[in-house]
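Here's the structure, in structure tokens; my notes come after.
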Amino acid sequence: MPQTVHKKNGLPPGSLVYVGEPPTSKTVIRHIRYSQNEMTIEEVATPEQCVLDPGWNHWIQCIGVHDPAVLEGFRKHFGIHPLALEDVMNTEHRPKLEHFPDSLFLVCKWLGFNEDRSLSDNHISLIMQNDVLLTFQEGGRDIFTPLHARLAKPSSRLRQRDLDYLVYSLLDTVVDSYFSLMETLGQHIEDIEEQILNSPDRDIRLTLQNMRASTLRIRRIVWPLREILSDLLRDPRETFQDEVHSYLRDVYDHVIQSIDMLDIHRDMLASLFDLHLSGVSLRMNQIMQMLTLVATIFIPLSFVAGVYGMNFEYMPELGWEWGYFAVLLSMGGLAGVMLWVFKRRGWW
Amino acid sequence: MPQTVHKKNGLPPGSLVYVGEPPTSKTVIRHIRYSQNEMTIEEVATPEQCVLDPGWNHWIQCIGVHDPAVLEGFRKHFGIHPLALEDVMNTEHRPKLEHFPDSLFLVCKWLGFNEDRSLSDNHISLIMQNDVLLTFQEGGRDIFTPLHARLAKPSSRLRQRDLDYLVYSLLDTVVDSYFSLMETLGQHIEDIEEQILNSPDRDIRLTLQNMRASTLRIRRIVWPLREILSDLLRDPRETFQDEVHSYLRDVYDHVIQSIDMLDIHRDMLASLFDLHLSGVSLRMNQIMQMLTLVATIFIPLSFVAGVYGMNFEYMPELGWEWGYFAVLLSMGGLAGVMLWVFKRRGWW
Amino acid sequence: MPQTVHKKNGLPPGSLVYVGEPPTSKTVIRHIRYSQNEMTIEEVATPEQCVLDPGWNHWIQCIGVHDPAVLEGFRKHFGIHPLALEDVMNTEHRPKLEHFPDSLFLVCKWLGFNEDRSLSDNHISLIMQNDVLLTFQEGGRDIFTPLHARLAKPSSRLRQRDLDYLVYSLLDTVVDSYFSLMETLGQHIEDIEEQILNSPDRDIRLTLQNMRASTLRIRRIVWPLREILSDLLRDPRETFQDEVHSYLRDVYDHVIQSIDMLDIHRDMLASLFDLHLSGVSLRMNQIMQMLTLVATIFIPLSFVAGVYGMNFEYMPELGWEWGYFAVLLSMGGLAGVMLWVFKRRGWW
Amino acid sequence: MPQTVHKKNGLPPGSLVYVGEPPTSKTVIRHIRYSQNEMTIEEVATPEQCVLDPGWNHWIQCIGVHDPAVLEGFRKHFGIHPLALEDVMNTEHRPKLEHFPDSLFLVCKWLGFNEDRSLSDNHISLIMQNDVLLTFQEGGRDIFTPLHARLAKPSSRLRQRDLDYLVYSLLDTVVDSYFSLMETLGQHIEDIEEQILNSPDRDIRLTLQNMRASTLRIRRIVWPLREILSDLLRDPRETFQDEVHSYLRDVYDHVIQSIDMLDIHRDMLASLFDLHLSGVSLRMNQIMQMLTLVATIFIPLSFVAGVYGMNFEYMPELGWEWGYFAVLLSMGGLAGVMLWVFKRRGWW
Amino acid sequence: MPQTVHKKNGLPPGSLVYVGEPPTSKTVIRHIRYSQNEMTIEEVATPEQCVLDPGWNHWIQCIGVHDPAVLEGFRKHFGIHPLALEDVMNTEHRPKLEHFPDSLFLVCKWLGFNEDRSLSDNHISLIMQNDVLLTFQEGGRDIFTPLHARLAKPSSRLRQRDLDYLVYSLLDTVVDSYFSLMETLGQHIEDIEEQILNSPDRDIRLTLQNMRASTLRIRRIVWPLREILSDLLRDPRETFQDEVHSYLRDVYDHVIQSIDMLDIHRDMLASLFDLHLSGVSLRMNQIMQMLTLVATIFIPLSFVAGVYGMNFEYMPELGWEWGYFAVLLSMGGLAGVMLWVFKRRGWW
């Protein structure tokens, strides 16, 4: 949940304020140049050091978005709109697509689970200009590293094609994270289901509540991407070449499949609470049955014993030789009858 | 629930990875040729052995989609788009319709219940090119066998018409499986309802939870087919001839009817949980009534007995000749009054 | 719930299979001819005996749809599309409207309650050709008889106008059945509400469950008719003359009003379950209060009696002359205080 | 809930049947003529007595719609469509707008609460012809009287403008009734909320159920008016002059605001049931705590007393001089420990 | 909840009636003039004192909307439509956008929480004419003060641009209040969640109910603003210059983000009630377990003691030397066995 958005209240628009957890690492900037023949990766200290020689595709990767000075450098060197840059730093911003006159601006989020089953996201921003693709992400996890290897292979489709195919590949990587997430989520739900069915214990309440909060957040992150992709597919500007459209449709399919899985998980999760409540009720029933069984059998018997414990001077039964045994016998008989009645009613 | 989709993460698009349960049988490939005059069925070892002589309708059936080598053969021999082939192998993919420049690609799922009332699906893919229809399905159950017999009869409509009518017939077979499924589902629900009303026992919780999961999965499989069919009916490309449109509308009707039935079943299922909880409550009520009845009658009586069991030296009643019998009588009277009160309040 | 739809699985489309309860009567075919001057009703044995002399409006009524031979006769004599005829026999088919090149095909359902408050429907099919209206319905109840009398009166609007006004009148009759149904449903709901409020008993569960199932089915039958009528009103083909449009809009209004009433009934029904559960809880509360009252008063008193029933040799109180009466008095006082506390807490 | 709609079943369309509660007063007909210079109000006995001299705006008010003879008079004198007149008498008809070739027909409902908090509605019909506005309403309450005074003032906007402004003013009066209704409803809900929080008693169930029924009915009456007004605002026919459009939009705003308030009230009402159930549970908890407290303290103590009440010949403690006091002391200690444990667990 | 809207019933439209809490301060009117070179702020006594010299942007701020005389002054001096002015005073009016021929009229609401966690709103109205912007707000909190400082800086974008950018800045300030609100709301929810999990106490019911009411009201205030902004963005009139569109889209983004957060909060809030109920059930379970444990162990033991407290003359065990110790031992054994059974069932 965004806790620090209010930092921005009252500031003029376009103010560069980092909203998010305190950064744990320095900003890394990578300049990746590639054409069909060649590909180089270079780590640079400031955005200004990226030389955009023509004839190449340029992918500038910025890992870590907490430093206003660095982002200001990007703004100047690449001519980015201040409102776009503001959203790059606002790691609580929802996924969105915006067309600026000379560039396309896309925000989405990579998703994963932490060890403690809390949700972890990484705020990703893409700015696609003519021959330059800028990507910004939070530090910590180097999400797009597998693409470096694919880019290094001259035979790979990434090298054969233009920047639009690289954008597709980045989106595909992001959406793939949703699939892993859904599988883990499904596994969590099955674990909880098992716990609920086997041991109705109290901790489940907090777990369910946190899972519910997670699915709500995931939903707010995945749904907008669906719309973004559907907008890209219908976009009249020729940002994506015709052959790349099939690939975008494939990512779109995957987002819809993720949403389908999420909705199933949400439904199952909702029903887990009922399951849990019903387990509590059934257990209460069992306990009450035991109490009722013991109490309804022994309370009448104790009464009988109490009667013969009275100190009246004239109580004929007390003098009978077999009185004691007769009473014990009838008590046993009474208990037997009651047990038989309870058995028949299925209480035992 | 897809458990193995992550296998595909990080791979370039179009990678052929089988996602699903381990295959239990070898891939079977059948080449069915037919015209108005003749029809042949031939089992072939590899896709390359299918000779597509003109003037015939060709239906190539591939049963078993786990072997990348076989599918790669299809791709080369029939020029299938790699992304389509990827979806053919991904048995967790949702139903979809895609128009490639020279072919129509349709994914749907046959549905049935296993013996243990778990859901069983079969991932079906259709690729319709000019004179060739390719169908892919998971191994195990030979779903489309009844159509072979109908194709063998020269008088059948299948022989009189073109490949588009065969596509319709395949879809009809798939949708027919939904009807059987809905009937079985309705039967299951009535069984559970009866169980709940007659014997409030604990196992119902797991059963209801599993049924709920099944209906959620069915919904995700049947709904997209509705849209696919409605797209086919409005399709401006003349993939289906005018006379076949009536037949497609008929399948469309059946899908809607299936959805109607599913929605009714889902609603009933949702109310079964309430029914179950209410049964538990009513039972608790009964148990508590019994306990209250016994306890409120005997606890005061025991108190009276306790009083006369006290050892005070001066307790006049103890010396009375008829004291014992008087106490017994008043105890009986007290019990009678309480029973009468409870009876009047309807507790007994 | 359709139990026998699977009968049709695997058959080629257009197969005439009766789906429904076993018919209890023979098929009746009536040929009604009318013009502004004259009107005749004739019962015929086979469809072929209907002579369609020009200049008249012809209404052919077929009561009973279980006999494939009779329907096959209709198909041949009137040139009906096999898929339409299949839906005529499939009494579980949902309401629908279909335009064939030379005819309009409409399916809807008459609804009523049986004596045992179960839902009873009658599957109605209308096929409107140029000067001929064919109506098919299940046997048993002669729904459209009142129209015969109105047709017999030369001054009636039915006689003044064309077949389109007759179609309107038939639809009006069907929709009128929904109004009666809604009133009965409302009455049932008020009855149950009263039962729940006055006597929380167990049978209500089954009744509520069945009512819920009924309203779900009704909803699936009435909603499509709304769409059908709205389609007819916007239909560019001039099937209905301008003056009849006002009448169709009137039926449309009535369908919407039915849906409104149904939705209110469904909401009330849903809340009845809560009402019932809450009644069970309140009752439990009462029972527990009684138990708690009796137990918390007498258990301490019994303890006191138990203390003075101990057999210690040295217990000074036992020797006191007024010890017994002092104990009785303090017991009474203790009970009084507890009753007063409970009273003040409103438990009594 | 409409109880008598079935009266109309089987009748030909346009049959004038009064549907509603038995009328308590005679029909009143008022003929109000006005122009910028003059205004007259006249009560007439029959519709035929209304002389429609040109150059004036004519508002004919009919209060009481139960008398078919009177309405038949209106039909003949003003040329009203029989289907419109049928809806005028059907006081259960939902709000609707219909355009007849020469007139506009609008049905809506005035709403209020009776003393016993049950809903009271008044079925209003407007027929707007060229220079004549006919309004029909149920008898009893003279809703539109305040407008007479405003019409009497020559300076009022009603006099300055045409009949369309009068129609707006009538609608405004109707919608104003919804605002009062919502305020009263909100007050009712706060009353119930307070009752639930302060005294969990049983009557609340019936009250909540009746409120729920009322809000459902209100919703069905207010929602259609929203659509009616939005239709009037987009109507291409120039029924309303441009300056009156601002006023219509104002009423439209008010309807939306009413719907907003109703939705809030409905949500609050729904949550009141939960509130009530939770109160019942909390109370049960309290009762059980009391029982548990008393029972778990005294049952073990009674056991100890019972042990020393046994009649064994050899029980050494009985002979000890301080045995009795030792036992009393240890009982007191045991009780103290248990109370301390319960206190710590917060049960007391 | 609007409590005083009925004040307006029966009045002609455009009547200026203040609806809201009694005002606590006098109306303040500020005349702010600015151009790229200069800026002045002046407090004036009446609207008529605002001189609108050309070549300047004029922002007239009216703080306090309870005085009809003041508003009447505005109407005359600036030619405002009476219906607009009516909505300015009606502080319960929902947010709306209306285009008058020569001006744009926008209503929205600033939102905050009071100290007691109740919702506080401020009804804001904007009237944008050619070179004049009129803003009206309720008294008490001076919401737009931060903008004065930004306007005072000659280098600020506010000074560089026209009135449309000022309108944007006002809307941005309003929407920023929603962000703060959402954060506070989220904090409240987490507090309650903690309370529920740690101490199931009764007060939570009222708190939850009030929070629910607040979120319902917020929803009704924020949702319309979304539509208003989307209308402004698609508006064909050139009210906002092209460069300001990016900024409006930014506010639009923020409104959507607020709605997302609100929906998450509402979902969490809904589940808190379940959490609370489940806590009550679990606690009940614990209490019943304690009662059952004590009762089922001691009731049988007491029975045994009762048996040996009977006064029969012939009870052989009573004479045995070790009888007493044997009985004590078997009682201890019995208790031990029962404890072991309960332990194994996890009741202890």
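A, B, C, D and E label the chains in the order they appear, each numbered from 1.
Just so we're on the same page, contacts are C-beta pairs under 8 Å (C-beta built on N, C-alpha and C of every residue); 3 or more make two chains touch, one makes a residue touch a chain.
These are the chains along with the protein names UniProt gives them: A, B, C, D, E = Magnesium transport protein CorA.
Small disclaimer: the values here were computed from a predicted structure and weren't measured.
Enquirer: Treat each pair of touching chains as one step and give the shortest count from chain A to chain E.
Expert: 1
Enquirer: Mind listing the chains that sit against chain A and also against chain D?
Expert: Output, common partners of chain A and chain D: E.
Enquirer: Rotating chain B so that its CA atoms sit on those of chain E: what angle is that, to a multiple of 5 degrees?
Expert: Copies differ by a rotation of 145 degrees.
Enquirer: List the interface residue numbers of chain B and of chain C, divide the shared ones by all numbers used, and answer same when the ratio is over half, different when under half.
Expert: Copies use mostly different positions to touch.
Enquirer: On a C-alpha centroid basis, what's the spacing between chain A and chain B, in Å?
Expert: 26
Enquirer: If you average the CA atoms of chain A and of chain C, how many Å lie between those two points?
Expert: Each chain reduced to its C-alpha mean, chain A and chain C end up 42 Å apart.
Enquirer: Going by the touch rule set out above, which residues of chain B reach two or more other chains?
Expert: Residues 277, 281, 284, 288, 291, 295, 299, 302, 306, 309-311, 315.
Enquirer: Thinking of each chain as a vertex joined to the chains it touches, would you call that graph a line, ring, star, complete, or other?
Expert: Topology of the interface graph: a ring, with each chain touching two neighbours.
Enquirer: Could you spell out the chains in ring order, with the walk beginning at chain B and its first step landing on chain C?
Expert: With chain B as the starting chain and chain C following, the sequence is B, C, D, E, A.
Enquirer: Under the definition above, what is the set of chain B residues touching chain C in their complex?
Expert: Interface residues on chain B, with respect to chain C: 146, 150, 156-157, 172-173, 176-177, 179-180, 182-183, 186, 193, 197, 246-247, 249-250, 253, 256-257, 260-261, 263-264, 267-268, 271, 274-275, 277-279, 281-282, 284-285, 288-289, 291-292, 295-296, 299-300, 302-303, 306-307, 309-315, 346-347.
Enquirer: Where on chain B does chain A make contact in their complex?
Expert: Touching chain A from chain B are residues 1-3, 5-6, 8-10, 12-13, 81, 83, 86-87, 92-94, 96, 98, 100, 199, 202, 205-206, 209, 212-213, 216-217, 220, 273, 276-277, 280-281, 283-284, 287-288, 290-291, 294-295, 298-299, 301-302, 305-306, 308-311, 315, 317-324, 327-328.
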